[in-house]
Amino acid sequence: MTTNSTMRDEFAKHADYLNSLNEKREKVVKASRDVTMNSKKVIFQVHRISKYNKDEVLLKAENDLVAVTNQFMSKLVKELQGTDFWKLRRAYTPGVQEYIEAATFCRFCKTGTLLNLSEINSSLLALSDKSIEPLQINVLDYLLGVADVTGELMRLAIGRISDGEIEYAQKICQFVRDLYRELIVIVPLMDDNAEMKKKMEVMLQSAIKIENACFSVHVRGSEYTPLLGTDNPDFSFFGVSDFE
Amino acid sequence: MTTNSTMRDEFAKHADYLNSLNEKREKVVKASRDVTMNSKKVIFQVHRISKYNKDEVLLKAENDLVAVTNQFMSKLVKELQGTDFWKLRRAYTPGVQEYIEAATFCRFCKTGTLLNLSEINSSLLALSDKSIEPLQINVLDYLLGVADVTGELMRLAIGRISDGEIEYAQKICQFVRDLYRELIVIVPLMDDNAEMKKKMEVMLQSAIKIENACFSVHVRGSEYTPLLGTDNPDFSFFGVSDFE
Amino acid sequence: MEKQFEEFKLQLEESGGVREKIRSVVTEIEASNRMLSSCLLSVHQSLPLSGVLEKANGHIETVKGLYVQLAEILKDCPGEFYRYHGDWRSETQTVVSLIAFLHWLETGALLMHAEAEKKLGLGSSDFGLDIEDYLTGLCFMSNEFPRYVVNRVTAGDYDCPRKVLTFLTDLHTAFRMLNLRNDFLRKKFDGMKYDLRRVEEVYYDVKIRGLASDGSAQGQANATGDQLTLP
Amino acid sequence: MEKQFEEFKLQLEESGGVREKIRSVVTEIEASNRMLSSCLLSVHQSLPLSGVLEKANGHIETVKGLYVQLAEILKDCPGEFYRYHGDWRSETQTVVSLIAFLHWLETGALLMHAEAEKKLGLGSSDFGLDIEDYLTGLCFMSNEFPRYVVNRVTAGDYDCPRKVLTFLTDLHTAFRMLNLRNDFLRKKFDGMKYDLRRVEEVYYDVKIRGLASDGSAQGQANATGDQLTLP
Amino acid sequence: MEKQFEEFKLQLEESGGVREKIRSVVTEIEASNRMLSSCLLSVHQSLPLSGVLEKANGHIETVKGLYVQLAEILKDCPGEFYRYHGDWRSETQTVVSLIAFLHWLETGALLMHAEAEKKLGLGSSDFGLDIEDYLTGLCFMSNEFPRYVVNRVTAGDYDCPRKVLTFLTDLHTAFRMLNLRNDFLRKKFDGMKYDLRRVEEVYYDVKIRGLASDGSAQGQANATGDQLTLP
Amino acid sequence: MEKQFEEFKLQLEESGGVREKIRSVVTEIEASNRMLSSCLLSVHQSLPLSGVLEKANGHIETVKGLYVQLAEILKDCPGEFYRYHGDWRSETQTVVSLIAFLHWLETGALLMHAEAEKKLGLGSSDFGLDIEDYLTGLCFMSNEFPRYVVNRVTAGDYDCPRKVLTFLTDLHTAFRMLNLRNDFLRKKFDGMKYDLRRVEEVYYDVKIRGLASDGSAQGQANATGDQLTLP
Amino acid sequence: MEKQFEEFKLQLEESGGVREKIRSVVTEIEASNRMLSSCLLSVHQSLPLSGVLEKANGHIETVKGLYVQLAEILKDCPGEFYRYHGDWRSETQTVVSLIAFLHWLETGALLMHAEAEKKLGLGSSDFGLDIEDYLTGLCFMSNEFPRYVVNRVTAGDYDCPRKVLTFLTDLHTAFRMLNLRNDFLRKKFDGMKYDLRRVEEVYYDVKIRGLASDGSAQGQANATGDQLTLP
Amino acid sequence: MEKQFEEFKLQLEESGGVREKIRSVVTEIEASNRMLSSCLLSVHQSLPLSGVLEKANGHIETVKGLYVQLAEILKDCPGEFYRYHGDWRSETQTVVSLIAFLHWLETGALLMHAEAEKKLGLGSSDFGLDIEDYLTGLCFMSNEFPRYVVNRVTAGDYDCPRKVLTFLTDLHTAFRMLNLRNDFLRKKFDGMKYDLRRVEEVYYDVKIRGLASDGSAQGQANATGDQLTLP
């Protein structure tokens, strides 16, 4: 019957389309998982920082990050080439977010600034085959990743105080607060902000944890300021440096 | 300091252990996803069955299943070799369950019987490197997979009735009921049966759907039994055979 | 930091604006769909088909105009079709089900993907008809048939079940060529089996009573008007 | 079908029996842990340490006996250690935290994984101490230190904070070598930072008041008994 | 500050008191609704209709008295009808569904909004019957019809499906005129089409078996009592 | 203080012991319920009823023995029935539903509360069958009927729906007399109307096709075995 | 069947009535607890203790009266104490926490179980104070102490932490004797160690600053009123 | 029937239009609230207070304008304030918390209900500030204080905790006068005691270290800007 075979031709096309879409999605999911796992390793590497090994530790972290970019992000980029990025977003967003988290974490530790989306995206341009449209990370994934980095910054701040680097901790505190103040205005504008709203709550808790740690150091230091005959609290007693 | 360096040695070992465990887990997850996707394809192939193409469709399905076993299950088996199977169970259970579902589905359509766990496990023995302990699917994953197959059997039964194969549908109905009656006694004995309990509810719903379909055919057929001058309902009117 | 976020704010406000524009068009699509659906529903009440079809085609023109507007809006956001896709997905599935049903009423044949795009004025630009939406729409269409044959038979049209049954059987066979994920579309497709079953039952009811024609003799006596002559 | 399920039933009942046996031993481990914990807690009240340690070591013997029983039970299920692992995981983490704390009180050093296994009578058979459980136990141990130093200082032992601080700092540094997943262990490890912070604060408090020895002169005057001489 | 909170205290106690009074009346309405519902349910068992209706009308008098009490309570809170509206909304929707069903049994016609208000003793004061509650009640009423026609046909009343079908079709058409928001009412209305569909199927069942009268010949033989003569 | 807690320790251990004993018996009850349930499920497969009933009654004997054990345990805790009641409540509701269904299969009548107590060996001591548990059990039993009538009809027993319908209607009417609180039991009872409705539909399906006997002519020819002769 | 349900109706109404009466008394207990709690809270603001205690004892008289009412209601339901126990359990735990805290303020000692019963007018009849409720109440009381010592120290009472610490340590030690099940009470008790820890820290704070008396010299200078002289 | 539904259509469209207008204004209120909130957050960073306040007051002007728009919309629906109240309730609670916090920063006093209405341009017409919304807003404001005092102390303002503590204690006492229902507001108020407790702890931390002024000596040296001089 003609109708029947026309229908069969039509659905044969659709079957091919669905099969290849699924296969692509699977490949993207796998590439995204690799990015996640290796980005996490970079983050742990940064946390190995201490007062004295800063440059060395960060150098290694940065190299590791470059490796993630070249080995795993490039794979993701390759799998995605020629696809609508928004269509498969749910398949790769976890990896991309973790990558953003690792990259912005490294940058903050290095320079105290926020790594911009445009910088990341231009570094991705290099990975793409020139002939096809390159992967560009969208604002939403960037913001979701940036929201996560505040949790790592909180951990970092607590560690810095332990190392006696009070000012470093205060810089982190300031940075997280600034991020929060910027984001709070932007969140309702985001496409599907349920996930982000949860992250904002976590971020606020992180900020409060840092503030409480700074407060604690401050009052403890202030108690003896007069005793030590100086106007500024002396935090040199903090940290374990003096008995090592 | 000695203590310090002893500690470092100790934790270096632990770090290696955790890193390799994570990598192995990732590989297993990926292999499991492949098994899932390709087992699903086998299931869809079986659903392409009709009154007339049965042998041909099932032959293709069985060949596809063999391919899943040789290409993807073998990969999973390879990744798992030398690991404690129970430790990484959560990483591979989705794939294994879907594989069980596909394999038991094929077998039922071919012979009307339940493919046993021991049969599956002996087919897996062939895939393993002889020197290392081979992967053997455990009872729990087998039962979870078998529970899922009843959903596919329900779909099959509805289709068979459409094709006029009432008796086939009734055979499926009987099979699903038997499975349910056997499982209901076993479920509370299973290790962590929350997932299975949910599946049992779905299974009961599947059984009821098949029963309702059989009921519907029966009363409709019975209405005209006297009219047709026979004792047995005549279902030859069901199915689209007669106008093609 | 501030500068980047300033820029993000602008970008997000812009895409928020796009969304707002889409929302407004989609609301209109939804209203038009309701009109179209309401109009098509009268086939269940055995009103003269020609009138129904004419009116329905009028509504489709409206919907087409709205899709053209959507496509226009999206033109300013190249590559972002799937970013906003969720905003009109459900309405598109509905409209596909309606125009495919209408098409069947008119021709007795399946509305192909390319034809559907054409009917909605799409496909030339980036803005196309997503295949999964098209397929879901077909499943929704299938859900209308059981009710349709019941009401046609009640109205005395005993030939309708056979035609519908042939069509649905073919459609179902074609669908089975697809490998679906465990998602929305598969669930909808599962429902199609039940529609098929129900239509078979009605066919059986008329057949066993000798009411159904065997399909060879077209144009047998029927008293309820012009609906039967079409498909 | 029936035959296979009959067999499954037997197998599952058997493993249910294993679980029941495990449950019963684990309940005893939990009780012993409570005794051990209760006994160790008295270090916060500055009772003479030697008595505490002796009593504690008695409890550990009991626990060891129970772990040997567990290992015995598992011997009949080769390769299924991780099948039942969840049933004693939490208690094992607790016991590790307690014996590691005790070990530190006795030696001032970290209880190594192999030592922990030995103390629990494990490691020779299939039944070992899971590494993640060991690490989690160490995190729990760390949680005890802030309270400990506070109470030691209250009791007049101004040298304790420095010792604890050195130990915890080393432990924290060692932990940072690990790449953790976003799981339970990572959350527990995150908590260790706060313990460290709290101990630093106490150390700062005694240091700034000139109460802390600088670590070079051991055996400075203290009046509260034998606790100080140990670590 | 204190003075302000003093005042708040009074106001909160006052509105708390109102709420408590409402709660107590609403509990009684709920109980009366259950009685009324239970009484109306017996139409499914083909008891003589006249007895059912009489008894039901008695219950309605009780409910009416309770609504008058509610209106009385609200008189002291001008402009606050919608403040407390949620407290009796659900019960009102139920009672509307019941009296509308009863009204159809008695007259075969739709209970109008104004009639419903009158039956409940409302409308003269600020306290009226919210339109959306009225409409929701009609949707609930519609849910009763499938069961009703099934049981009527079982009892041998083959004329009932046609009457109900005409009524429901008209009601459904009227509802379709409304532009409902995407809310509770809309969902309930969307459900009405399933009632319609089921009634169509029952009508189909009697029609295809030649059991249905064609509607022209009233008063054909029936043996199951007075229910048939009414609508 | 110490003496008081010493005493508490004893009392808590005592009630802990009671709970442990109960737990162990309840686990066995649950397993027996599963066996009984699995056995009763075969009525859907139209096996000869007598065999099913015999086997089922065997399981009931087991359950009865377990309830006697429970009652024995509780004898030592006068006045504390309701203290531990929650520990076996759910299993009791299940067993009531099973024995009440079985009783209906055997006699076509409702298992009375006193009969249920007797079947479970209860009622003589303090340990009785809580009324709400009994009622909840009846609601669960009701849930079995829709599936049962469907399968009976498929097996050719066209008289079953009428009998079940009469029984369920009576049961539902009896329940409606009760003023249930807004709780678990009420919710379960509210669900019973869906069972009733489904049975009505099945009865409708056989009735409209002229398959149902009218209940006057008992003992008509049937070939599918002994199930039909019982209720 | 009808007769049985008739009887059930009576029994359910009776127990419903009991529940309603209990509910009404419990609501009053809850309100009185709020008053008592509010009154006791002022100890955090260092108001003269004698006034607070007097007023608080007045509230306790009210609560006692309400418990006598409860006991009166339960008298008619012998053996059913635990049936309704859940209805007042939470309020009872609260009131125990309040009167135990008050008792400590007055005497510095733990309110014994028998004393608590007496204060609430219970114990003579079947209606007693459940031991687990009493213990849970003590855990809640413990939660108040950290806040209390913080505010006392702020108010200049540097001796309070030591007294509270002794009391809480003893209480904690006594609790540790108990073998608690893995339930609500156990969780609450596990929380007590945080209270203990916090009080230890406050004691540390005053001790390290040389503010704490060593406990031997009673009656040292304090300026903030009569609170210090009591416990 | 048709006429009635015609009328309903008009009424539903009217109220739909009102809702749409409200929605659009409320979206703007939410955005303004976000700006205001973001602006107020900078008080935690010890920027000069005067700048923050000025900017914040600008945002409040915007919000006020929006509330005037809302009131304008509602003017056409007399007596229906509470019908639509849920649509802006949450945003109103937020804005109250923000302006009350701002007011405290400026004056050290509580923003009264009448003042809040005035700040939002409300109160003259039917459109007022619901008391429960106002109170909920105050609870939200209270949640800001713990963080505020911590950051003020870090910035060297040791006098802030005492001031905040006095304010919060008074507010808490005032709230306790109210008999809150068991609802959202009650839960929010119950949370306020945690804020109070945290502020007490911060005050304790500065007091015990001799950092807090005793409140008698105003105007002591401080270097961190103008925040200290205000409250």
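So that you can tell them apart, the chains are marked A, B, C, D, E, F, G and H in the order they are listed, and the count of residues begins at 1 in each.
Please note the rule applied: a residue touches a chain if its C-beta (ideal position, glycine included) is under 8 Å from a C-beta of that chain, and two chains touch if they have at least 3 such contacts.
Here is each chain with its UniProt name: A, B = Translin-associated protein X isoform X1; C, D, E, F, G, H = Translin-like protein.
This structure is a prediction, so every number in the text was calculated from the model and none was measured.
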item: Most distant chain from chain G, judged by the mean position of its C-alpha atoms; value: C
item: Same vs different contact residues, chain G with chain H, by half of numbers used; value: different
item: Of D-G and A-H, pair with higher C-beta contact tally; value: A-H
item: Whole-Å gap separating chain A and chain F, where each centre is the average of the chain's CA atoms; value: 58
item: Chain C and chain D: spacing of chain centres that average the CA atoms, whole Å; value: 65
item: Computed distance of Cα centres, chain B from chain A, in Å; value: 39
item: Intercentroid distance (Cα basis), chain G paired with chain A, Å; value: 49
item: Overlap residues in chain B, where contacts from two or more other chains coincide; value: 22, 182, 185, 220, 223
item: Residues of chain C touching at least two other chains; value: 173, 177-181, 205
item: Set of all touching chain pairs, with the criterion as stated earlier; value: A-B, A-C, A-D, A-H, B-C, B-D, B-F, C-E, D-G, E-F, E-H, F-G, G-H
item: Chain E - residues contacting chain F, complex; value: 31, 38, 41, 44-45, 147, 150-151, 153-154, 202, 205-206, 209, 211
item: Residue numbers on chain A that touch chain D, as the complex places them; value: 40-41, 44, 47-48, 50, 155, 158-159, 161-162, 213, 216, 220, 223-224, 227, 237-240, 243
item: List of chain E residues in touch with chain H within their complex; value: 1-2, 4-6, 8-9, 11-13, 16, 19, 78-83, 85, 110, 112-113, 126, 131-132, 135, 170-171, 174-175, 177-181
item: Residue ranges of chain B in contact with chain A within the complex; value: 22-23, 26, 29-30, 33-34, 37
item: Residues on chain H engaged by chain G in the complex (per definition of touch); value: 169, 176, 179, 197, 200-201, 203-204, 207-208
